[in-house]
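Heads up, there are several structures right after this.
In what comes next, subunit A is part of two complexes: it sits with subunit B in the first one and with subunit C in the second one.
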Partner chain A sequence: MRDKLTYVLLAAGALFFFFNLHGIFDVLPDEAAQGAIYRIMYLHIPAGITCLTGFFIGMIFSIGYLTTGKLAFDAASASINEVALVFAFMNVVTGSIWARIIWGIWWTWDPRLTAMFVCLLIYVGYLLLRQAIDEPTRRGRLSAAFSIFGTVDVVVVWKSIEWFRTQHPGPVLDVRTGGGHIDPAMQSMIFRDLFAFLLIAAALVLIRMKQEENAREIDALRRLAHA
Partner chain B sequence: MNAFSQALSIARKDLAIELRTKESLNSAGAFAVVILLLFSFAFDLSPEETKDISGGLLWLCFSFAGALVFNRGFAREMPNECLDALLSSPLSAASLVIGKAITSALLLLVVEAISFFVYGIFYDTNWLKQPWSLLAVCVFATWGICVIGSVFGALTINLRLRELMLPVIIYPLLIPLLIASIEMTNLFLTNQAFNFMWLRVLLVFDIVFTCLAVALAEIILVN
Partner chain C sequence: MDTRNLTFMFYGFLAAWAIILIYVGTLVRRGSKLKRELEDVKRLLSAKESTPPRL
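The block that comes next holds the complex of A and B.
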C-alpha cells in the first residue's frame, strides 16, 4: 500500500512539474526588468518553501518522538529533514545562479542568504550527529533535541526579509504582503510548482522512511545474531 | 533547594575544581593569546583597518577558546562515572546544564579579559572607549555561547569523534549571536553609538536558547 502511494505521489509530482514547465516556458512572458532569467524563481521559491516547511514538520515529528518514544516518529523526522535539506541545497544553488545574473555576484553575506546558509550547515550537522550515534533510541532522542534547536534558525530564515533590510527581495506572495507585489499568473505558477515539489518531497520522504525501517530491522537482526 | 541554587552548587563545584587544576583556563587563555598573535602575522593592517576587523577577530578568538572551555565541562564528569552519580542525585538535569554554563561563562569572561588586554597591546587599540557597553555585550554573548556549548557538550558526551562533532554542530547555531556581538564590539571599539537592533538579537538568542536548554536538558542527559 505504501509503495503504491509512493509511486502515485512521485508520478503525480513529476507530471505536475512537467506540465508546469510548459506554462513557465511557453505561456508566461518574460519579466519586464529581469528578462528570461526570472523563471528560475519557479524553482527557487517553491524549493525554499518546501525546505522550510519540511524542517518545521521534521521538528513536529521530533516532538512526537520525544513525547511518545515511537521510533516511527524518529524515522519520519530524519527522513523529512534529509529531504528538506535537498530542497534547501536546490534553493541556495538556484538563488546563487539568479544572483550571478541579476546582482553580478554568486553570493553576498546578506541576512537572508546567511541565515539560509546557516540553516544548511545546521541540518548537515543534524545528519552527521545521527551518523555518529549507533543506538536507535539515543540517536532519536538526541537528534530530536537538535532538530528543535535547529528550527530556531528556520524562523530566522523565514522572517529575515522582514526583520532586516536585505539585498534579497522582500516578501512578494499575497499571503505575506496582502497583494500587489506579484502578477497573479506568476504567483499561481509558484503555487502550482510548490504543489508539485511537495508531492515529490512526500514521495521521497516515504522512500527514505522505508530505508530507515529496513536499516533498523537489519540492525535488530544483526544484534540478535551476535547475542 | 530550588533549581537555581542547584545550578549554583554545580557551578561552585566546577569552579573549585578549575581553580585547583586550572586546566581549562590555562589552555583556553593560552590558545586565545596564540590566535591573537597568529592574526597579527596573518594580516598587515593599518590602524584604521585594524579597528574595522577588531570585533570579528576578537569574537572568533573567544568562540574558539570557548570550545576548549565547555568541551571540558561534561568531559570532566566522565572518569569514575561522576556524571551518572550527578544524574542519580536529586539535582535536575536542567540545573546541571545551567550550572555548567555558568562555570563556562565565568571562565570564558576571564579569557576575554586577558584577550582584550593582550589585544590592546598587540594591536595598539584602546578598547576602553565604552567599557560598560562592551562589558554588557561580553556578558550576554558569552552566556549565549556557553549555554549552547554546555547543552551540546552534554549531547555529544558519549559520541564517537566527540571533539570533532562539537564544533561542527555548535558553530552554525552560534552564528547569529557571533554576528550581533561582532557588530556591537566594532561599534564600541570605534566609539560609535549603541545599536539596539543587535542588542535585541543578542537578548532574544540568549532567552530562546536558555529556555530550550532548560526544557531539553532532561531529554539530552537522562536515558
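The block that comes next holds the complex of A and C.
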C-alpha cells in the first residue's frame, strides 16, 4: 500500500511539474526588468519553501522522539531532514545562477544567503552526526537535539528578508506582504510548483523512511544472529 | 520570450533536476545495498538455526 502511494506521489509530482512547464515557458510573460532568467524563481522559491517546511516538520518529529522515545519518530525526522536538505541545495544553486545574471556575482555574504549557508552546514552536520553514532537511542537523542537547534536558523532564514533589507529581494508573496508585489498569475505558478515539489518530497520521504525501517530490521537480526 | 539570459535559465532548470536525480540515484543505490545486507543476515540466521548445538 505504501509502495503504491510512493509511486503515485512521485508520478503525480513529476507530471504536475512538467504540466507547469507549459505555463512557465508558453503562457507567462517575461519579467519587465529581468527577462527570461526570472523564471528560475519558479524553482528557487518553491524549493526554499519546501526545504524550510521540511526542516520544521523534522523538528516536530524530533520533539516527538524526545518525548516518546519511539524510533519511528527518529526515522521520520531523519528522512524528512535529509530530503529537505536536497531542496535546500536546489534553492541555493538556482539562486546562485540567478544572482550571476542579475547581480553579476555567484555569491555574496548577504544576511539571507549567509543564514541559508549556515542552514546547509547545520543539516549536513546533522547527517554526518547520524553516520558517526551506531547506538540507535543515543543517535536519536543527539540528532533530535541537533534538529531542534537547527530550526532556530530556519526561522532566521525565513525572517531575514524582513529583518535585514540588503541585497536579496524582499518578500513578494501575498501571504507575507499583504498583496501588490507580484502578478497574481506568477504567484499562482509559484504555488503550483510548490505543490509539485511537496508531492515529490513526500514520495522521497516515504522511500527514505522505508530504508530506515529496513536498516533497523537488519540491526535487530544482526543482534539475534550474534546472540 | 526574451532570449538574453536563456542559457543561464536553462542551467538553472538543469541543475535543479540534476540535484533531484542524483539524490534519487543515491536512494536507489542505498536501497539495493540494504536489500543485499538483509538477505545476508537472513542467510546467516538460517545457517545458525540449521547448525546443531554443540554439547
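Convention: the second predicted complex is superposed on the first by the 227 of 227 C-alpha atoms of A that agree within 3 Å, B and C clash if a C-alpha of one lies under 4 Å from a C-alpha of the other, contacts with A are read in each partner's own complex, and residues count from 1 in each chain.
Simple rule for what comes next: a contact is a pair of C-beta atoms (placed from the backbone, for glycine too) under 8 Å apart; a residue touches a chain by one contact, two chains touch by 3 or more.
Predicted, not measured: the structure shown is a model, and the values here were computed from it.
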On subunit A, do subunit B and subunit C fit together or clash when superposed?
fit
For A:133, decide between first (touching subunit B), second (touching subunit C), both and neither.
first
Is A:114 contacted by the first partner subunit B, the second partner subunit C, both or neither?
first
Scan A:161 for contacts with subunit B and subunit C and give back first, second, both or neither.
neither
Using the superposed model, determine the angle subunit B, subunit A, subunit C defined by their C-alpha centres, to the nearest 10 degrees.
100
After lining up the shared chain so the two structures overlap, which partner does A:190 touch, if you call subunit B first and subunit C second: first, second, both or neither?
neither
Go through the superposed model and pick first if A:146 touches only subunit B, second if only subunit C, both, or neither.
first
Which holds for A:66: it touches subunit B only (first), subunit C only (second), both, or neither?
first
By the touch definition at the top of the document, which applies to A:101: first (subunit B), second (subunit C), both, or neither?
second
Mind telling me which of the two, subunit B or subunit C, contacts the most residues of subunit A?
C
Quick check on the superposed pair: does A:125 touch subunit B, subunit C, both, or neither? Answer first, second, both or neither.
first
Once superposed, minimum distance in angstrom between C-alpha atoms of subunit B and those of subunit C?
22
Contact residues of subunit A, present in both the subunit B and the subunit C interface
none
In the complex, go through subunit C and note every residue touching subunit A.
1-6, 8-9, 11-13, 15-16, 19-20, 23-24, 27, 30-31, 34-35, 37-38, 41-42, 44-45, 48
So in the complex, the part of subunit A that touches subunit B is made up of which residues?
66, 114-115, 118, 121-122, 125-126, 128-129, 132-133, 138, 141-142, 144-146, 148-150, 152-153, 156
Which residues, counting only subunit B, touch subunit A once they are in their complex?
151, 155-156, 159-161, 165, 168-169, 171-173, 175-176, 179, 208-209, 212, 216, 219-220, 223
Considering the complex alone, what residue numbers of subunit A touch subunit C?
25, 30, 34-37, 39-40, 43-44, 47, 83, 86, 89-90, 93-94, 97-98, 100-101, 200, 204, 207-208, 211, 214-215, 217-218, 221-222, 224-225
